[in-house]
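Labels A, B, C and D are assigned to the chains in the order they are written; within every chain, residues are numbered from 1.
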Amino acid sequence: MAVISVATRYKITVKDAGIPGVLKMNEERFVFQPNDPRSLMKLNIEFRNIKGHKFSKDGSKQALLNLTQDSEKGTGYIFEFDNFTDRNSCRDFVGRVLGKLQSVPARPNDQSVPEKPAGPSFAEQLSTTEMERRIKLLREDSELQRLHKQFVLSGVLTESEFWATRKALLGEDGNHTTKQRPGFKSAMLADVRPSADGRTNKVTFSLTPEIMHQIFAEKPAVHRAFLNLVPSKMAEKDFWTKYCRAEYLNRTKNAVVAAAEAAEDEELAVFLKHDDILANEARRKIRRVDPTLDMEADVGDDYIHLPDHGILRDGQKDTAETETEVSRRTLSQDLNRHAAVVLEGRTLDVELSDTRTVAEALARSKKELSSNEKSEENVNLERQERVARMTELEDLQGSREPPYASLCIKDPREYFDSQQANALRALGGTEFGTHILDSSLSKEEAYRYLKEQISEVKSRGLKNPVIRPDTALQVFSGLSQHLSSTRFQLGKNPQESALDRIPHRTKDELMQHWTSIQELLRHFWSSYPITTAGLYNKVQRVKDAMAQIYQKLQEIKESAKSDFRHQVSLLVQPMLQALDAAFAHYDLEHQKRTTKSGAKPNGFVK
Amino acid sequence: MASAPSKLYQDDASLVVALLDTNPFFWAAASLPFSEFLQHVVPFINSLLLLNQLNRVVLIATGTSSCGYIFDSGEANSNANANANANALCSGIIKKLEDFVGKDSKIAKGPNGNGDATRPAISSLLSGSLSLALCYIQRIFRSGARHPQPRILCIQGSPDGPEQYVAVMNSIFSAQRSMVPIDSCIVGTQHSAFLQQASYITGGVYMKPQQLDGLFQYLAAVFATDLHSRNFLRLPKPVGVDFRASCFCHKKTIDLGYVCSVCLSIFCKYHKKCSTCGSEFNQGTVDSTTREQKR
Amino acid sequence: MPQVRIVARNFMDMVAALPAAKLDKLYDSSFICEAVLRSLPPLAKKYVLQMLFVDFPMTAKSMEEWVLPDGISKHKVAIDRLLQLRVFIEVTDRKKEPSYKMNQKFQSNMQKYLISGGTLPREAMTLNAVVRLPSVEELDTYALEQWECFLLQLINSSQVEKPTSFSSSMMRAFQRGLLSSSRDNEAPRLTESGFQFLLMETNAQLWYIIREYISSAEERGMDPTDLISFLLELSFHTLGQAYSANTLTEVQRLAIKDLADLGLVKYQQGRKEGCFIPTKLATNLSVTLSDASSRKEGFVVIETNFRMYAYSSSRLHCEILRLFARIEYQLPNLLVGAITKESLYNAFENGITADQIVSFLQQNAHPRVAEKTPAVPENVTDQMRLWENDRNRVDMTPSHLYEDFPSKDLFEACCDFARDYGCLLWEDTKKMRLIVKGELHQQMRDFLRGQR
Amino acid sequence: MYGVGVAFQPSGASSSAGKSSKEKKRHDEDDEEEDDNEAKGVDAWERAYADERSWEDLQEDESGLLRPIDTKTLVHAQYRKRLLLRSSAGGSVVSRIQKGLIRYLYVVIDLSRAASETDYRPSRMAVVAKQAEAFIREFFDQNPLSHVGLISIKDGLAHRLTDIGGSPEAQIKALMGKLECSGEASLQNALELVHGYLSQIPSYGHREVLILYSALNTCDPGDIMETVQRCKKAKIRCSVIGLSAEVFICKHLCEETGGTYTVALNESHFKELLLEHAPPPPAIAEYAAANLIKMGFPQRGAEGVVSICSCHKEAKVGGGYTCPRCKVRVCELPTECRTCGLTLVSSPHLARSYHHLFPVAPFDEVPPHGRPGQRLPTACFGCQLSLVGQGVQPILRVSCPKCNQHFCLDCDIYIHESLHNCPGCESQRISAV
């Protein structure tokens, strides 16, 4: 079938202006080549990644063709054509091709990086968001763009290699955190509190999906009710309003009203009466109380019945009257229940958007939980050792200090020796290390001599003047000269002396080369030790690129005008050295590889 | 506000802890006789005390077998206010010095009369006197918000003692931490690796006077400069130190080597076992670049 | 402003002001030399030291070698001071480049000093001659008492139990500038500078008084140089040693009496001969003023609720605090008070500014609170400033009114002229009147003259 | 009045800062709650009393004068207790033991709602941040070859503030940038995150986590016990410093992984506890893995040489260092070569760590009146401070077990904390060999 190529504009969204370029299409892929070679919006896409195609009506103000990548997200490649004829020809072409592909079962598209990618190609592997992020980065940072152009587009580095060193920029370590799921709020459900607006006597509860989920987890009865009632019997909203109503009644503790309402509304009653599921669960539990969390574990120390003692719940204290006995019990039970749920942890991970799904998911997880309910006895075991840990008295336990690795230094002197030699070299004191004090004379003599000297001073006292004026002057001027000499050797202001004499053009050029060298070197070194063929290829590519730059540098050096040639060569020198180092390393490695001698432990490189 | 009063304090009030090398073997061989040496040093101390009545000078003798305080201008008995008669001060110093040397020699001889007469220790205990000096300076720091600016002056002649390396380094770093510069004036024929590093790291002055007969002038013109004035003056810079290490195995300077993760001893090539701490290196070396890749 | 006189550095400036001849005469005594040396800025000291044994003039250039770029100013100051005090003498050698050499006398004195130290004109008396030497502590307390009760007498002569023997004339001499000598029937009130004086550190106060004393001595026909040299000498006597009064000259003996009143020395009448014992105050004389302040320890604690606790038993402190705070309780060593609007207002009445008070409180903050910043709570300081501000909503500027100008344009010209100097306060174009700050009056006059 | 305004500024600001609108409502309610408590409370200055009980450090002497009590001796006592504890743990008395000289430490900072409590002034969060900064500096001073990373817990999730790295400044900057707290704390998430990062660390590195935990609970998605075991397997030494009260799970964590668990009483105590973690911990036998690390010892660039440094991307004359392997220039040591990733150090940096290998044995207390027939020295050997107490009770003193010199307590602290060698032993010829 024919190959078709049309001038068009590629746009990421319908709104944006789009990049002018040429769209080439053949049997299995379509390629978008921007007019501006620097642009990154090159596309090279196989049709089998394309699910379908949309297009604007003839005569609408834009002649659009949208090759959709996946239908539900609706992302795709939008092209705007100058006229409808072009658009239509393309549309028909696409239609035909896609039609073909439908008939062929779509192979799972392999997204591996080709060893030697033919020219630029990243649209294939990347989600558009990812792509956009990179493009943005490149737009913002001209230097980055330069590098990208220089290496990726010229095929020295693959896209992935290029970005691999810039994870931080892409903020990819972010995806570590996205894996995390927050645990249950430790805040009790009680925190769902009505906020009354002052004027009307209407109270509003604010329920977030978060909270609803929590409610389900902690109040099985409500959960069950929800599954039964919503949406079959009532709308979700009504359900929650009822629930809140109940909550409200509970809170205000007018048992009378509660009873009354419960009487005429059985759904409401569900919320008001004690949670039966919990009740029998508790009955089951009571046999294996988990001492780490059950508040009721020892009833002895609740002193609520004492006058003016009460449990502070959401700020206000409910002093214990007899009829609120209920509420007190529920509170302590709530606590236990909550604790249990929190410890159980959040077992389902659906994003808390739709309550219904949440509820079901929860139900599912519950089921399997109960299904693989641990058998009675090992539960007992676990419980026993838990209890044991709780009740052990630390001060009776031996310290759990693990044994430490011991260390024996043979001779501390070694440490000095590692310094001495070169420290002296720095001072040019060559005779230094060797020089040994005349130890021929014995201690006695030495000390005697010293004492004599001292007593001499003692007898003679200090002489005046301390030093002869001329010596003093001599020394002083000596010092002054030394100072002045050091100053001038250092130069006034290093920076300007270094670069500013060089014309800007050359300077920028140099800096550019430097940055590209940095880039290459980074890739070069990071790909050692060479383990895969991929790395090997990469090294090859990088090395060649470096070789080219090496040439360029040489040229610059030659071309530099005589007056600042010196500075230029000064600047270029380190770069050349760096490159040389790399080459040397390469050669070394190379012959190591060829002659399989260099079998170092885990391919370590020298 | 707390800092404000301390600013009121006189800028140049300084505490100088001077470490005198009293290594007999060195002085016996030295070109400058010890008596001459004192002729320069004692007036220097006077001049320090003269400059500012808040100035304090402490002398510590660095012996071969012991170290000790010789003189402390702050002490009550050596009349604190510097208008004390310089003669008294001088004779006091000499006296103490004499005692010290006597003591030192006794210790050197050891209990049984003859110590290791075979090989007399030629290095003096720099690490000891440095430690003493630092302790003293800490005491000054403790003495309150306003205290003279401390610095250490080592007047050293004898060569370094390898066995002191770790101790000396510790002192140097401690000095650096408490911002106490260590000036070093080398009166010997040879440079000192210790003091060179010390001065470099602590930002002190390292100098080896050419004309020892003009010692006082060197001291007065360079080492007498208080820390405050040093902000405005250019003093002889310490030579840049070559901080490369040399390996324990062959003692040759290396710029690329292997460090034992347990005892930090340095080797020029890969070993199966650390010669210093004897720990086995089971799974080859880890080149830091490999970590780069994991990233 | 009067209080510029109050800000007293040590009186080396005074010495520096002396004519060359007198200076050289002073340098006869090695103590003066030392005192002068110590009074120098750090850099200058170093220069002296490095020149000490050089008898050959040293070129300015070779000295500047040592100076870092940002040290130049300090360097200049140092050199100027040295020349001013004639420690260095500038000589221009044949190569026409300025170079310095040291004052002969000074140099030789110092050299001697290094070797043998200075010798006082009088030796400390042997103990048996003296009845009993007071301990240093006793001496300090004595000195402080003396000084404080002198100050007390200074600020209000009424409530002093044992007045000093100063002649009322001399007292008046001291008080001049500090107290507004109002009509005799009412007690003289402290002037603004008087308060400042009280808020200064002891040593600064001391110097102020000493200066007054010396200048007044001139009127009494004493040679100030004698006094100066004697005072400096005194500062080198050993603290707490007794010295026979017989060794003193007539002038000095007179002076000693007064100094005793000030608490610089303790005068003891032995059996046959009197002797004097220099106190801390005396020995600090040669020190620059800031050091003495370092000796003193703060005692005031101010809290965010405007309460003030002062750990002090000194009546002077009490007096000073009274100036701006309401004292409520007085324990043996603790004053409890509060800073109230009223108390502050009568402080303001007396021309004392909030900033002065604040700085006083900060300088004397108790060590415990001095550690935390700010030593005085912001809300207190702010409030004090606020109170001060709303007192002087109106502020006075001395000014001149010019009116009935002959012509419009002259008027305009004047306005512009004044405006250029930023001194135009008010103008009324219709009536052609303008008000101009006082300081411009002179120029204004000339300007007008120039116009016509 | 003024005071109150100051008082709840921190709490108000911190807990309503940057919350997702979804949760906004609930938190606002919390704020109200807090405000109530504040209102019940007293003026700022009064509260200062209530907290610090400053009057307790005053006492009245016989003449009715008020004097501050000096807490010096108390401090010394506490210090010595810690020292002995540490050294006995380090076993430096009996035999030298290995220290984790090359550490990879993640500092986890709890920025949950609990961190906005104002029982520390101005708030736990502020205090933690302040001390953490001090800690990081001290850490790098003591372990120049080590690395630190920062992690914060907020809204039940753990976030990485900084990648693990060698420069204190970067770390501190990042920390100060991210100071606001909300939501729950989750130990598990934090540990999992850290585990993820630290498992990449080369084997010779000592993996550590230091958790500064304000909260009294942890809200985890799963079973934290498993996580603890995973950390133990990964040889990660977890330590926790609590700010509020002892929490079982923290204690359990530390015991399992060989870390230490402490709870701070007040700011100063917190600081002490934190700085306890600056010196390298003893290496646990089963964790310890010896290895050779490849390092570069670059030479200082000679004067006059011009080169472009890889850290600032600008040409510099003289100074600087060139990586021995890839010949690229860096400005500061120690660092990791940006190009070839080689660790670059200078010999002094190694030397800085040597004292960990040769610790000074703790000094023993000397009975006040000495052993019978023993004349006590009159002055501290170190600083010459007089040790003869005026009046009845003599000044406390300690003596070095090796050289038997006597020291004052201040010197004792200085010698063990900063100097790391005993002046007495150093000024003896014998000790040297």
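We take it that a contact is a pair of C-beta atoms (placed from the backbone, for glycine too) under 8 Å apart; a residue touches a chain by one contact, two chains touch by 3 or more.
Just so it is clear, the structure is predicted and the values come from calculations on it, not from any experiment.
In terms of C-beta pairs in contact, A-B outnumbers the other of A-C and A-B.
Here the CA centre of subunit A is 64 Å from the CA centre of subunit C.
Centre-to-centre, using mean CA coordinates, subunit C is 48 Å away from subunit D.
Between the Cα centres of subunit B and subunit C there is a gap of 42 Å.
For subunit B, the set of residues that touch two or more other chains comprises 43, 87, 108, 163-166, 197, 216-217, 221, 234-235, 240-242, 244-245, 256, 262-263, 266, 270, 277, 283, 285-287, 289-290, 292, 295.
Residues of subunit D found to touch two or more other chains are 98, 283, 288, 294, 325, 340-341, 347, 351, 354, 357-358. Among the residues of subunit C, those touching two or more other chains are numbered 50, 53, 65-66, 114-116. Taken as a graph of touching chains, this assembly is complete, with every chain in contact with every other. The part of subunit A that touches subunit B in the complex is made up of residues 167, 407-427, 429, 431-432, 435-439, 441-447, 449-451, 453-458, 460-463, 466-467, 471-472, 474-476, 478-479, 482-483, 486-487, 525-526, 528-529, 600-602, 604-606.
Touching subunit A in their complex are the following residues of subunit B: 22, 24-29, 33-35, 38-40, 42-43, 87, 90-91, 94-95, 97-98, 101-102, 104-105, 108-109, 115, 117, 119-120, 122, 158-160, 162-166, 189-191, 193, 196-197, 209-211, 213-218, 221-222, 234-237, 239-242, 244-248, 251-253, 256, 262-263, 265-266, 270, 275-278, 283-287, 289-290, 292-293, 295. Those residues of subunit C lying in contact with subunit B across their complex are 31, 34, 37-38, 42-43, 45-46, 49-50, 52-53, 65-68, 70-71, 74-75, 110, 113-119, 236, 238-239, 283, 286-288, 290-291, 293-294, 362-363, 365, 370-376.
Note for the complex: subunit C touches subunit D at residues 303-305, 311, 313, 331-334, 368, 379. Taken together, the subunit D residues at the contact with subunit A in this complex read 22-23, 25-26, 29, 33, 36, 89-91, 95-99, 155-160, 163, 183-184, 186, 188-189, 192-193, 196, 217-223, 248, 255, 258, 282-286, 288, 294, 303, 305-308, 310, 313-318, 322, 325-329, 338-341, 347, 351, 354, 357-358.
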